[in-house]
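Labels for the chains are A, B, C and D, by order of writing; each one numbers its residues from 1.
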């Protein structure tokens, strides 16, 4: 009793693609998902505040920005009652289907978009076929529109099958800023989940390829360091300034010079910096928006502690203050082999799958790891699955796109694996 | 036969005050000045391209920005024919009055404004009396509206007197960015000037005080260093980046560390910096907008040469490129005592003058020095005059303002001195 | 027909221990080895210049220092004719035994010591038993005295057995500075070696433990960067200096900040730095003695290229010159499993061996890798073997020592493996 | 009743020249001065501990070094009883002659030498005439041997004249390290001094020229920053180090970048730096021996405060400790015109004086300023006098030397001025 045909899934994905929204601004996106979910026979549906540990939200935009995105969602026809529930940046939802006494299985999909201007060329399918982003400067350039659709499709497939257990689908906001994983992991809805899958489309794997268990998640912390000093006329009274650009530069030089660690890879980047007001004024304010990573959570903590030290002493060096806040974070995690094996078994029987890869390294960060770790800490199993697609542009580029037929592959593989897990309790 | 009454000068100044415009965007300002000048009995009037050495203009805004300011000038009622002459950022003008065989005397006044948001409080006179800036975010916060008015008033006073000589008044654009002095100095109109005065209101001197010859001009160069590197994913492929924020930070640290010079004061400031796009991308582009200064032109050159070296090698250090351009510059200069003496003699007889100061240090930079130096290089004399006023806020602050009666003091002192110079050829 | 008893090996080792000599100064050490070798029935014996590719020697001390060590060797009774052959720092030797048509098997042992002051406490065996270093400030703190003894012992054991093949023992100077591996690898004597073993005592493995194939060699380059600038009086004429300490500091900051590499571990260290002459003189000369490493030779090259760039541009930044020279280097390498397997088989039957470890990571650098790589490039096999010993102090500390009975274990394992290899050609 | 002939003064100076001694090691020098003084009819003679505020001594060498210099002094024939009084580095002395009720006039001369290897060439007079330094590596390269001789000569000349007053001659140790001025200024002997002269030979003024009142003393602080961290193997465990070379480099970069000050010239120099032990060890210890200066004591304090801040936060940045100590210091000072005028008057009548210069800038630092300031703070007058001499090499170079006839000029000018001051109380 599938609610949606393949055409309907495609239309749904294209609708989301036309309305890309960044972290905590997924008003239209969440509303559309909830509208669809309300048509299903769900046991529970948690929306907005009910889906999150609200205090754990990181890097929430200011009220004006939230209000502007909310207004656009309403203008574009999002259900106003649902948007009311999301108001203030409480986006995302959790859908629950309980069918018998079998185990609780979770699926996590993310739903946010990126601040990238989408390509307009004719060879970019969304542009050619009329579903290019309508929010100039923002784009679903990492396939989260597809992930949300897979979430819906898996729910439908499970509803339409003999499934003995409970399925929870987590539609998570704010992954791109590693800001939404923790509030969803801490929401309480994950506490009884015994098996958790997360899924990603693409990842440089071609159409037909499935990666059973992705590894190599770098633990990460995004930080914002805001330096405050004192302005002065650079010609007449240079000594009266407290120079934040000097502090920032000293910090940058020494952040990259944090000692390498013998236990494994670490990373640091001062990705976005700025400061000052005019050539002839000693710069009063500066900032670094940066990140540290590590192959393990311990290594990321090592980098984070050193970064805090460098930032604090660089400010002190130039008699400035610095305020360091965390914009986003995610731990490291590993995919459990038992769940990956299930993917391998199921994928072999799915139409369109031509190659099964046991494992591959992500080489980046993902806050699905918060959810994976929470389940594993409770004694459960977790696994991150990759579904290949021929994507013409790389992830996070203006020309990223997917082969829409691969959405069905994703739905079939995940739905099949979830049913198998409920049966076999691996 | 004064064309304007004191009331009219006040209205003229307030009109300019309501329409502050930055360098090369002084469309309304120049048009209003030219409208007034056309009503005088001038020998010559050079406008726009005819008033400048156009190739020497520095830091001209891009076409869109110029067009926007030009549009506003037209909207606010500037004479469209005059604005046509200024189109493309060719602002400023030179007025010439030839009366007999006496010497050629020049007066330089500047006309541009600053990117500062003007105060709105009731104790800020322009706000209280309805002539606060109508260009939000821009403000005549250094009194160039007064300078332009003094230029007009001196012209009127000389026209109205027995004057045996030639008077040239230089209405110069772009002083705040030390961008307009050179193109006006190189225009050719200065070539026959034997005596040159420049004037500034305020400078922390109270109403009633006149500074005969200002000294202490720091030679200055404003520069823009644009670093170009290569982006890369900071987690997955850090080694593939060429990191411009590292280059920028190395440059900042070493710019401030350029060795002090035993011959006199030097200055350096990285006043405005920025770089990068996102926390997880190795930053591909960065910039420093900065300045160097010296008590003499040689000292400023010393700093500038070292800054170029630091910027170039910092880029090289991180395998980046850097393009360094000059946004503005001005040499050092000194006021000739003979001309300052004339001011002292004349000021003693001017109503409202209560204190005469022989000399004081500016402690900053000014591109009037280009014109002063040009005249002095030709064997002439030059002098920079300060006219005090009780200004509630400091120069370049939101609450800067002048006592309007002091405009008349400025006109009388300068007009008197110019007539005296023509008579006495000091 | 063993020439030496176990007691004799112990005495030999203690004699070397009393006379520790650094790179290219192993006059006494080489002379004593050669004296012993001359008593054996060798096919060939190559000493000094004949044992090395002399042009490839790195970091050779200056003539005065060489002469002083040479003098001490003679004073301590080294054979003067042999020392004549070594004069000028041409230390080390290669012993060849040809027995039948079997394969050519090599054994590489290193013979140099460290600039460390040996412990004097009673619980330090060499002090208690009277064979503490007689060269104050130098010490066999890494067991190369044992390695030389093992080289001799293996030669004896092979001479004393049915061995069908050719054995070459390489007594290599200058390992501690990774300075001697390349000249020995390029000597020509390695060209026909089909199987090569190298051996190290200790490595944090206890007595009774044998590591069949050591891995994890970091490729390394030691470099010396010498900065040259211009002095000046720091009070009177700071601008006339060209400041090498500023250049050095800029280099240090940016060396540690060379981007991490996704392909594997890298290292950098400015281990020894200095500069300047007096507080009031702009420092004319400075230096950095440092190193870069990588898990692979490519990664070490990446670091080395970046280091060269940083050093060059840091000098340029402060208008200085820099001369960068290589003091030592070694590639990465891996142990061939086939040879490691032979060790495992043989060690099982050796008295005193209680635990066999297949593989362990060195976590450092070694220039045996030059010889290993040369053999492997010729199609041969190479393997680095660890022989455990309970060492009270860590390697490179003042209290390092070995259990002397473990020397016999090393001899038996290596000699057994070499015979087995000649038989089985694995 | 002059004790010494001109020849005797020359021999005395040459004796000191042959025995140059650095700060707090002037055992031979002080002993020879005291021997001479004991032959005069002095009112008081304070030696060693009695001549100094002993707690204020800075940068005293360690006991071994003091003992070695003391031993050499005894070997070279210094009076053993006097050396006993100086033992422990309590060098210098104060001679007092009281003659009637006139004012107390002081003369300060310094007596220490420099760590410079004296030239050996034939055109270097001390080498040619056999009084080159007998302490290899040390040299009277700034004429303090001459100053001590002038001190003695002035005393003789005053003793030999009608002098109504008290003369105190301060033979001060440790000027080259600005370490001896304060302990002598705080000794109590200066408390009743109403007029103080200090004198320097040379200063780039030729023979026959006298500078009446030297100006331009930069206040100075010499500091030693010692960084302590934690060593670690740079290949195996880089993260376990606390890297003092990184701390030192960060400090150097930011020391030179301390903001310039609008009130006047400032200086900073990291003149002597070092750190680390080996290329492969994270460097555990590092140091900076540096200096800051300012045109006024306030400016030097500004620099010193900022330097302390930079050093402390640079250590903190790399989790190291730093200990910053003061090696030497001196305030700024000015010469009183009234005393300079006396020099001008007297010098006109002195044989050999051909040119009188009112004032000149030192452009460096001197701790005579401690004594000058102390006198001035008590309401007295002070003046620093320059006595020209044709010196072939610059001050602080290997070929520095003086024209010995100019010693008499110095004696005559100073003695004459002191007598005139006692008479006229200017």
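Here, a residue touches a chain if its C-beta (ideal position, glycine included) is under 8 Å from a C-beta of that chain, and two chains touch if they have at least 3 such contacts.
Here the structure is a predicted model, which is why all the values come from computation and not from measurement.
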Distance-maximising chain from chain D - centres being C-alpha averages: A
Whole-Å separation of chain centres (CA-atom averages), chain A against chain C: 50
Rounded Å distance between chain B and chain C, as computed from the means of their C-alpha atoms: 69
Touching two or more other chains - residue numbers and ranges from chain C: 236, 238, 243, 246, 250, 253-254, 256-257, 259-260, 262, 267-268, 282, 363
Contact graph of the chains (line, ring, star, complete, other): complete
Footprint of chain B on chain D - complex, ascending: 253-254, 256-257, 259-260, 262, 265-268, 363
Residues of chain A touching chain D in the complex: 236-239, 241, 243, 246, 250, 253-254, 257, 259-263, 282, 302, 309-310, 312-314, 316-319
In the complex, chain A residues that touch chain B: 218, 220, 222, 233-236, 238, 243, 245-246, 248-250, 252-253, 256, 267-283, 286, 289-291, 293, 327, 363-365
